[in-house]
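See structure below.
For clarity, chains are labelled A, B and C in written order, and residue numbers in each chain start from 1.
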Amino acid sequence: MSVILESRQLRKTFGAVTAAADINVSIEADTVVGLIGSNGAGKTTFLNMVTGYLKPSSGSIRFDGRDITALGPRQITRLGICRSFQIPQLFDTLSVSDNLLVGVGIVASAGKNWANAASTQGTPSDAVETMLERFGLQPYREMAAGTLPEGVRKLLDIAMAMVVRPRILLLDEPTSGVSAEEKFTLMDLVMDAVRAQKVTVLFVEHDMEVVTRYTHRVLAFSEGRIIADGEPTTVLNDAEVRKYIIGETFHAKRRGGHAQA
Amino acid sequence: MKRERTVVILTIVLAAMLVFAPFLPNWTMFLFTVALCYGIVVLGMMLLIRTGLVSFGHGLYYCLGAYAAGTLEPLFGITELAVMLGSAVAICAGVSAILALLLRRYRDIFFAMLSLAFSMILYGLLVKTSSLGSTDGFNVTVKTMLGVHIAGTAYERYLIFAVTALIAWVCAVLIHRYLNSHRGRLAEAIRDNELRVEYMGASVANTIHLNYVMSAILAGLGGALMAVSVGHIDPEMAYWTTSGEFVFISILSGTGSVLAPFLGATIFESIRSFAYEYSPNTWQMALGAAMLLVIMFLPGGLWSLFRRSGRSAM
Amino acid sequence: MTQLVAVLIDGLIYSSWLFIMAIGLTLIYGVMKILNIAHGSLFALGAYTAASLAGYWFEQGYPAMGSYAVMLVSAVLVGIIAGPLLERGLLRFMYGRDEIVLVLVTYATFLILEDFIKLVWGVDPYFLYQPYGLLGSFDIADLTYPNYNLLLLAIAVAIGAVLAWALTRTRQGKILIAVIHDREMAASQGVNVSRVYFVTFTLGAMLGALGGALTAPMISVQPGIGAETIVLAFAVVVIGGLGSLPGAALAALLVGIVRAATVHFRPELDLFSIYFVMAAVLIVRPKGLFSTQEARKI
């Protein structure tokens, strides 16, 4: 399998606080990778550096063999790295289909300048339809995004990342704020869409059930470092991971599990 | 379908105006001409407002366009309408393209106030320029239209009206097309959530820049046409209260359709011409009250357009 | 040399005037996040009221020195009538809406008040020249200045000092700072935000009217003075950083000196210079001299 994303000695400090320290990761294409860790462990910082929201203090990030360390969000998106947000970032006054149409339009007007545009098929409205269907958003088509229930906002947020033809999708806590009953439905829809577009996925998640069920590989963060890296079952059974991360989220999981039963 | 309907309506209105205008009394035709000029300016305001930006200084381009057209005669002896309008467009495009480099970094109140500052700079300069008549301004004359002599002829007024209506039609159709294009649609997306626009791969700064220049060109055209119709220009065109009038008409009109600015401008001009006659000291009061009513009771229609998504601000 | 002294003195006087105008505006913005265009109308109301009441005072032949008290009373009157009327009757229904919407609301209010003034006072100018000359004058480097200018300077300094003292040393002031800093947090700590707004707006209105009352003896009081003044006050407040009191002071000083220098050396650039300073400051400090940039969290 080929490496699509690679970080070398990646470091981010805010004053005296080190949010990420010497992160060396290689992500293979077409895998699903989970990022776990307690709050402030550096997961979202890592994600923000990859998508250009934060500039690393030192180190480098390569995507598909190209150095993207110095690029901003827009250029990175155009190369094929897209993201969703923990708090959905939508166009609240626009309808759900227009939210997607904005993205389709951006890809269409960029033409050859869009790295992954070749995978686009059909007219703009076809592209919107496909995405509405994949994410089960047809019933909400004409509703203003600002009026949607939270679970649907999360879905639309991810659909908006998918509609701009990513090669890597980064999800920031896709199931946070989603009820226990809905979370697997949501993740199933996302994973089906991801498979349909052949996208590599990195996602930050606190819910260990979701992590175990959907990932091929897990990176465990603690205090800005990666303390474990490997198959989900191996990582989740790692003594250090249990001590620093699971111990903390275990109760949350129990509560979630209970509600599901 | 709906897109074409707007163009059809615009065309019907244009045709009706061109056909019936010769039978209207002079003052009515003049009122419509002025309303069309204002409508063109407000069309540009609408483009900015859809992008989430309210300018309290669009009088800058309105005045600049008027002076760009009007000074051609004293400077070069040019009195050809096409050249005058071309000059207005070129100068407004140039100035706005430069100012946008700065203004596109600002939002909300800061955008409004910085725009206001630029318009007041022009006002301050013109007031002190005695060669251009200082606060009194000067008269503007058009002698030829595409080479044909029109000054002093019986159809002069009608021709100027017709040209204004035609230009208004062209602007409205073009802006309508633009708003329904991929690029035009970004305006509302930017108003709602800039961060997301960048994360979908489009440039917020470039889009604002483009929309700002377009709106400046429209304001300049409106100003130049107004100069030609009224035959007189003065620095008051750049004063902040003139910009305030444009803001007022924009709020009254709403930003839902390219027809709205023209409707709003016509209502505004009609009220103004009657109020000037019958109650010159209370008409602003009526305007203010109307504006408050629109803001308070039509929040869904006009206002949702201004409201940036509160949720995404976290 | 004489010119330099003149620039300095003119600048200081003009700064004082600008500061009195801007302080109420920036206070209201700082606390309520309302950029109040109607501040210009309050200025005009203050000027008209002072011109009428003090004019009457002189007509009746009352002691001339008393006219200063009458001017002060005019400002207070306008403040305690117009302030509560606007805040309770209109603005409180708009809280929580976009800042730019609030600007439009106050713009509408401005339009209404402009005509209200014309209805009450008509369109002919009023003159209240007496208080300007009453205090005698002073000479400095061959230049003669009416002492009224010193009064202006003293009042500006006094307002600045009292506000600075009140904000840092009194309980009410600390509450105000808390509201400026974080409205929700202050409310959750039991601060009556509604009352703070009421008091702030009334105080701000009074300061605007005071600016007008103090200006009345120096100008002809006529329609349009509100529109002229508000844009100057805006420039000062935006340069200083919206809502910052020390910012307003520094900006007033900066604009005052620059304008005095322009008037002396390049009079044709008079009005231009003020907005030029504003544009220049915003280019370097996009949110004004005294401001803090907040980052957005995603």
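Points to keep in mind about this one:
Just so it is clear, a contact is a pair of C-beta atoms (placed from the backbone, for glycine too) under 8 Å apart; a residue touches a chain by one contact, two chains touch by 3 or more.
Small disclaimer: the values here were computed from a predicted structure and weren't measured.
Among the remaining chains, C is positioned farthest from chain A, on the basis of C-alpha centroids.
Just count the C-beta contacts per chain pair and the biggest one is B-C.
Centre-to-centre, using mean CA coordinates, chain A is 51 Å away from chain C. The distance from the centre of chain B to the centre of chain C, with each centre set as the mean of the Cα atoms, comes to 32 Å. Each chain gets one centre point, the mean of its Cα atoms, and the points for chain A and chain B are 44 Å apart. Each of residues 298 in chain C touches at least two other chains. Across the assembly, chain A contributes 87, 89 as residues in contact with two or more other chains.
Within chain B, contacts with two or more other chains are made by residues 195, 307, 314.
By the touch rule above, chain C contacts chain B in their complex via residues 35, 90, 93-94, 97-101, 103-105, 107-112, 114-116, 118-119, 123, 227, 231, 234-235, 238, 242, 267-276, 278-279, 282-283, 286-287, 296-298. Within the complex formed with chain A, the residues of chain B that make contact are 181-183, 185-186, 188-189, 191-193, 195-203, 304-305, 307, 309, 311-312, 314. Here chain A touches chain B in the complex through residues 51, 72-74, 77-78, 82-83, 87-94, 98, 101-110, 114, 124, 146, 160-161, 163-164, going by the rule given at the top.
Those residues of chain B that touch chain C in the complex are listed here as 54, 56, 102, 105-106, 108-110, 112-114, 116-118, 120-121, 123-125, 127-129, 195, 239-241, 244, 247-248, 251, 281-285, 287-289, 291-292, 295-296, 303, 306-308, 313-314.
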